[in-house]
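Across the two complexes that follow, chain A remains constant while its partner is chain B and subsequently chain C.
For the complex of A and B:
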């Protein structure tokens, strides 16, 4: 299955991920240190993209749980690059938001005080988006 | 002026679907010299060929053009048809309007124009064709098999049984190949040695078979029917004629700690050794790299204990040169290196390859068949098998293909463990279980259903050696669960690849290999045991991953093809070879240097140059050696060399016709 829609194609473009090459071996999920924390598992990222179910991917917890350790990219025997795929989904998620949803640099310390467990990636991403 | 007939084939819709046949026919009629034009749906059919033959006779044609498929496909067919008439078969040309025209074009007008141009070119060429007559070359009734695995041995036995002499060249000290290292074999679980060693003995005692072990191919000359090959018999340091195989030497040898190749490094061997007890020949070799005598000049214990006085430290490599009619490449496979697979912790003694497992479970192996962890010699409580290690993987360290045999041997290994030790827990991680073949899937299902082997769809991501056990992180894809567990022994179903030396062998024999170093067949379906080079045949796993049944069946087919060649008294040679005009040759030696077949030499010859007689050094072509490659033709600075059937005049006429 290889559903094409705008979001799916954007993810393919941004990540360079080749979902059709995946043979569902599971080596990515076997290598992932964050597996237990994720609601959608690395090998499933690929299935979601193949199905074109990008909304679910952008809404999943995993996009904030992935450590970008790239173990899955390193081990994948088919060069599918699951981490780059989920990174692309994270980017799309951020881009989809409207302007007033972004934070200013001044807000960051306050946010951290409020919730020290706030995912670093989230902060980095929204902040990066803001300054661009 | 020639009287030329043109025959345009539709090839069903293959050609007619894209090329306007009527137009090609109409155009051909107006070409100079064309006396007769016809078209037919299938020119190669019986009716089509008869039509060609009839036209040659009725219209007294002196040359014909078949506008149809590639000459590779049917030139021989039509030359045979021409030979049934009074026409010389070399007065025929094919215009390839299928592969090079209809199949590659979509636009009908474009394709039709091109078909016309190609036909025109062939007609122009025929005007310059001359009758050619094939020669004959001898067939040496002897075959050479390179590689003494099960492929080489069974192929040699089949050829020898047909009455031809066969030499086997094997690089290791014994024949037998990988099969000699195996314990039991799928899908029947019969003992590998029990079915292999009788065949090895048959080969040893067959009057038509000569075995050269510890030997390699030094050089190759010649061509189909008439190869001259030099074999280097490496110095064994033991006289084959005197040695009785008593083994006193290796019992006494003080150098005892060399990791043995045959036991995949799990067992140790001495400096003087036979790789295994049933080795053929049962004559040891001295590994000069490790022998004390060779390293320090002292020792010589083996010489002292050898009763028949067979040890010969002075022995030198021996070169044997022999003529052969056919050569069979049967160099087999080997597991890939796992150096770059850090995540599986292969450096741990308790992580082993499948071939190492074969040695470990073998009663004649380094642990006498006892399954232990090499690190602490303890019996494992759980064993984990990982499939597809280095196979189906696009990374540089791996192979993109499926190694084909590992699903089956892993099921075999799992059952062997369970059979001996029902209490050991056995897990197998797989991507797919690929078991097509007679009784193969039933074999795998037995592992699951009768032996309780636990098959897990998923892969292992990481292995860490904790000393007393191995920690693994894996995934069960069907349960969508990550598994973090301990196991005692890990067996990696390692990908197989062709041996490295095959590149060199293929180079010497001008046989081609693919990107994975597997030998290429002349045709994947219709010529599965021939290489594209005449007289060079293929057998066994050097062609691609193969199990034993497939290897033996293939080797039988190879033998049949070789016997077919050796049974001939003479081979018909291609008359399209180099042709010298002695008046132009100035004996510069340029052609000799480029000829890849060594077909050119020089002779002082009397030349009558416009009434003036003179002795000149000119080139002489050996008609048996020349393969018509044309290298000399393009090299000759004086234009003295030409190629019969592809002369400069013919080629120029073709080009002119196309450009017209």
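For the complex of A and C:
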């Protein structure tokens, strides 16, 4: 099944993921440490894409819940790379809604004042994950 | 043995001890780390999007500097290791990314992934060997029960990271053993600590690290070592008596007998 949808093709392109290889075994979701927290689960990223339900994928909470821990990528027996799918949806979302910013550079000094132990790695990571 | 060295932003700020103790320990082992000039932050998160080009450039610049010198590139922070190894893999195996990056950089020589990227522990394994490492140990950590916390970034995806078996890694345990301590194997050593969500969802991170720490303690660990400043930060979000969290270089320096006064650069005092 391959539904025509411009955004779906964009997600395929950006993710480089081969969703058609998915055999719905669920091992990705079984491996995911954020499974309980997610509204759309890793094995469902693939289903949403195949149904062409891209708006729902881009609007789901899971795009902020995925930790990029790559457990699903490592354990998928079909090399579908679910983490890449949700990352592509996240990228499209933040590219579309750059006003939806969780953090701005101006907020950093105050954050560090609150918690001086915050490593730079964490700050660099959130700018890459939440901001355009 | 001379290597190009990429410390990354966190090792210049919050994780200075990781950097200093690594440099001093490396020196004792005959490993010279030459810091790459004018490096920039790798971004800490690998840009997964196949159309992300600009976010990969900082890593490529560093890789190129090492290639010019014909040296392997050594990293210490797990995130830097992850990002730079994966970008290097793109430059080697993804023609589209390689072409766009090289075009963007507009430099004479194209970069095609020639540099070998190694974490310091891989350097020790490959160029010294853990048997030989034992011979350098002046202060064996006898009787200490140390668990390795691998986390995600060094291990996965194993097809690119090629660090160790992603489900049953052994490299840190061999390292701990070489230093004279007893490695503690516990199931959650390669489970995610929560990573970057700790800024937004600290409570979730606390739940995740509680599971990891309980699991480590339950299996007998008295100390955990990590190579990742963010893992260290997250693991310290909940206090747990009798379970210290330290960088791997701290036990290395300790076993090699590097005390904070023995070399003028080492001003870090052990926090135990």
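Going forward, the second predicted complex is superposed on the first by the 99 of 132 C-alpha atoms of A that agree within 3 Å, B and C clash if a C-alpha of one lies under 4 Å from a C-alpha of the other, contacts with A are read in each partner's own complex, and residues count from 1 in each chain.
Methods note: a contact is a pair of C-beta atoms (placed from the backbone, for glycine too) under 8 Å apart; a residue touches a chain by one contact, two chains touch by 3 or more.
None of these values were measured; they are calculated from a predicted model.
> Once the structures are superposed on A, label A:119 by its partner contacts, choosing first (chain B), second (chain C), both or neither.
second
> State whether A:62 touches chain B only (first), chain C only (second), both chains, or neither.
neither
> Which of the two partners, first being chain B and second being chain C, lies in contact with A:30: first, second, both, or neither?
So A:30 only meets chain B here.
> In the overlaid three-chain picture, which partner chain does A:71 touch, first (chain B) or second (chain C), both, or neither?
It touches chain B and chain C both.
> Does chain A have more residues touched by chain B or by chain C?
C
> Which chain A residues come up in both lists, the one for chain B and the one for chain C?
71
> Once bound in the complex, which stretches of chain B touch chain A?
343, 388, 392-395, 398, 431-432, 457-462, 473-475, 477, 480, 482
> Where on chain A does chain B make contact in their complex?
21, 23-32, 35-36, 41, 43-44, 71, 75, 77-79
> Residue numbers of chain A touching chain C in their complex, please.
13-16, 33, 37, 64-65, 67-71, 73-74, 83-84, 87-88, 91, 102-103, 111, 117-126, 128-130
> Enumerate the contact residues on chain C facing chain A in the complex.
Of all residues in chain C, those touching chain A are 8-10, 12-15, 41, 43-52, 55, 77, 79, 152, 155-158, 166-167, 191-192, 194-200, 204, 208, 228-230, 232-233, 236.
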